[in-house]
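Labels A, B, C, D, E and F are assigned to the chains in the order they are written; within every chain, residues are numbered from 1.
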Amino acid sequence: MPTVRLISEEEATGKVKAVFDDIKTTRGIDFVPNIWRALAVNPDHLELTWHKLKHAMEPGKLDKLTKEIIALAVSITNGCAYCINSHTTAVKKLGLDNEALGELVAVVDVFNGTNRIAEAYQIEPDILPPEE
Amino acid sequence: MPTVRLISEEEATGKVKAVFDDIKTTRGIDFVPNIWRALAVNPDHLELTWHKLKHAMEPGKLDKLTKEIIALAVSITNGCAYCINSHTTAVKKLGLDNEALGELVAVVDVFNGTNRIAEAYQIEPDILPPEE
Amino acid sequence: MPTVRLISEEEATGKVKAVFDDIKTTRGIDFVPNIWRALAVNPDHLELTWHKLKHAMEPGKLDKLTKEIIALAVSITNGCAYCINSHTTAVKKLGLDNEALGELVAVVDVFNGTNRIAEAYQIEPDILPPEE
Amino acid sequence: MPTVRLISEEEATGKVKAVFDDIKTTRGIDFVPNIWRALAVNPDHLELTWHKLKHAMEPGKLDKLTKEIIALAVSITNGCAYCINSHTTAVKKLGLDNEALGELVAVVDVFNGTNRIAEAYQIEPDILPPEE
Amino acid sequence: MPTVRLISEEEATGKVKAVFDDIKTTRGIDFVPNIWRALAVNPDHLELTWHKLKHAMEPGKLDKLTKEIIALAVSITNGCAYCINSHTTAVKKLGLDNEALGELVAVVDVFNGTNRIAEAYQIEPDILPPEE
Amino acid sequence: MPTVRLISEEEATGKVKAVFDDIKTTRGIDFVPNIWRALAVNPDHLELTWHKLKHAMEPGKLDKLTKEIIALAVSITNGCAYCINSHTTAVKKLGLDNEALGELVAVVDVFNGTNRIAEAYQIEPDILPPEE
């Protein structure tokens, strides 16, 4: 159960309403996801978080799907249930099927394991990545 | 400093040598990265880990670069220095420039933050992802 | 569902009863929180954990609220639902309102993000903190 | 070693220079910390991150020192060396002495432990925090 | 709720059926645990994961119970509810009683705490482990 | 570099000296490991941490080596370099050779991976562990 009361769309005014409207328009959805309704407890943080996230998710050198895949990999690694549900929905909406999801999970599985091998044996870097 | 002695290519025999050779061929490199030289302490684990990792990284529905991007996102989230260096080298070799790396880091930054917002307020899922 | 049977206050005897009583007195509550009822499976660990925690939470150079804020920040970062609920209740009881909680969450959000930026680029320390 | 080239203050122009200047003014320091020099690889992300962080750290219901204490507790929990150095320097500059730092560490120690007790026994919440 | 449909034993064919059968035989159980039914979305990953896990859990220098204890310690540290339930069941089946479980939890508690003390003060290694 | 000055054995007095002496006697070593020298900044926390840790590590239903193995598994999962070095030294001193260490690492690798599979697919528990 949430630890703060979620602000409904009806209650939202000013900065909160503006962000709620932008979320629905940008995402093409007709409701405001719970996380944003909770964040409305701190309207400035809501606005700054939405703008930073919105910018980070805009297609650039990496496309939208690749960015959602990264978000899902991070959420799985952190074990955040809300986030895993949300980004799984997002990657599927962008066309990733269960077979591709299975590949994503395989990579997340493998490297969470090998990360610990590298730590266990305190392995030192082979070659540093080339600077640009 | 590593907590086990790294096996050199000269010392490798049998199962270990076979894996070392396969790593160099598959990756197109002329040395065996330190993590595999440490894993040689347990030849069966070395072989099973390499085969699982090799299979997980083969291009399928997701291409090679997307898979290395996932590996890097996981490694950053876990804070594994060896792994970050290794996968940064890999994504750059596959054509990701610093601008794209900057986008990847922005997404990892944003969702490590929002994962904690979702936890902080104990937010419940909006909609479950559609089953296939 | 808990993986061990929680000991009720009625069943508690000896060392367990003494700790249960001290918890209720120290915290000014009329029930024993579930975590302590589970810990009663190992009475020595229960006692040592309670004494260490009780001492760590006593006001010193840092006051009680600041210490509960730290406990909540740690619990959010780890994503521990029981702990988040417990420490959110505690900070509110000590006078933190939702607006202040929103500020706390904003800081936890920001630094879980920037922690990953520092790892992503393998940034080295600027200046070490002055020794005393 | 950083995986990207750090931008020097001399090289900075436009958006990057503006952020660098604002960092030095806001913090009252005469150099730009390494993390911001690395972030300059992605000027938009640099600007959005700085603005969000700057806003989150402004004194509000919680004062500046409490916010730096939260940042340090998060960084210790994540094991981020750069971040621990940076926020230890910050809390000391704001007046926290080693004795108070020792209290902070004691709380971080205790709750990283008890977080795992709660997980180990899959303890369910006692009482939910009061909604406002 | 799972984000993919769990494959039932009746539906399983080929590689998936072979792994399902091997799981039941190896573990001496008459059902296929949910995680393997989910993994069936990616039959190759299912097979490689099962083989690697099966090999890692075979008694060698470390016996079966010690290996399940390690698996439980890892799962508690990561806060993975499914995994904690599964490995708690396993260690109890192998003879660990609640008193011994309480000792395991005490060690996991203590070292999740001291890990953060070591990070907080950026402690450097005393002596490196002897190489063999 | 440590963020606090490490107290030397020569400087130690009172409670700190008593703990330092007990550490050397209990462990059969002739120096005080760095983590305890740092903890001396907060003598009460030093004493409570040492007593809790000492008790948790005493052989009971689980023997000393099994307890050190758990400590190492936790430290690898958290990626704490100081702790990994310290507990690797400890398990080797208690007789674990590199082959057994390789088995331990294999189990830690496998379950850090499968923990993420369980999270990725939001798998629900099969059967809860039997209550005692």
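Simple rule for what comes next: a contact is a pair of C-beta atoms (placed from the backbone, for glycine too) under 8 Å apart; a residue touches a chain by one contact, two chains touch by 3 or more.
Keep in mind that what you see is a predicted model, and the values were worked out from it rather than measured.
> Out of curiosity, which chains are bumping into both chain B and chain C?
Joint contacts, listed by label: A, D, E, F.
> Give the pair among D-F, A-D or B-C whose set of contact pairs overlaps with that of B-D by over half, matching residues by number.
Match found for B-D within D-F, A-D or B-C: D-F.
> Select the chain at the greatest separation from chain C, using centres from the mean of Cα atoms.
Relative to chain C, the chain whose C-alpha centre sits farthest away is B.
> If chain D and chain F share one sequence, what is the angle of the rotation that overlays their CA atoms, in steps of 5 degrees?
Rounded to the nearest 5 degrees, it is 120.
> Roughly how far is chain C from chain D, going centre to centre by Cα mean, in whole Å?
Those two chain centres are 20 Å apart.
> Chain C to chain E: how many Å between their CA centres?
Roughly 27 Å, centre to centre.
> Which residues of chain B are in contact with two or more other chains?
1, 3-4, 39, 45, 49, 52, 55-56, 77-81, 84-85, 88, 98-99, 103-106, 108-110, 112-115, 117, 119-122, 128-129, 132
> For chain E, which residues count as touching chain D in their complex?
Those residues of chain E that touch chain D are 76-77, 79, 81, 84-85, 105, 108-110, 112-117, 119-122.
> Of all residues in chain C, which touch chain D in the complex?
Interface residues on the chain C side: 1-4, 31, 33-35, 38-39, 49, 52-53, 55-57, 60-62, 66-67, 69-71, 73-75, 77-78, 80-83, 85-89, 92, 96-100, 103-104, 106-115, 117-130, 132.
> Hey, which residues of chain C end up touching chain E in the complex?
Touch list, chain C to chain E: 3-4, 39, 41-42, 45, 49, 78-80.
> Which bits of chain B are touching chain D when the two form their complex?
79, 84-85, 88, 98-99, 101-103, 105-106, 109
> In their complex, what parts of chain C are in touch with chain F?
Counting only chain C, the residues touching chain F are 1, 3-5, 44-45, 48-49, 51-52, 55-56, 128-129, 131-132.
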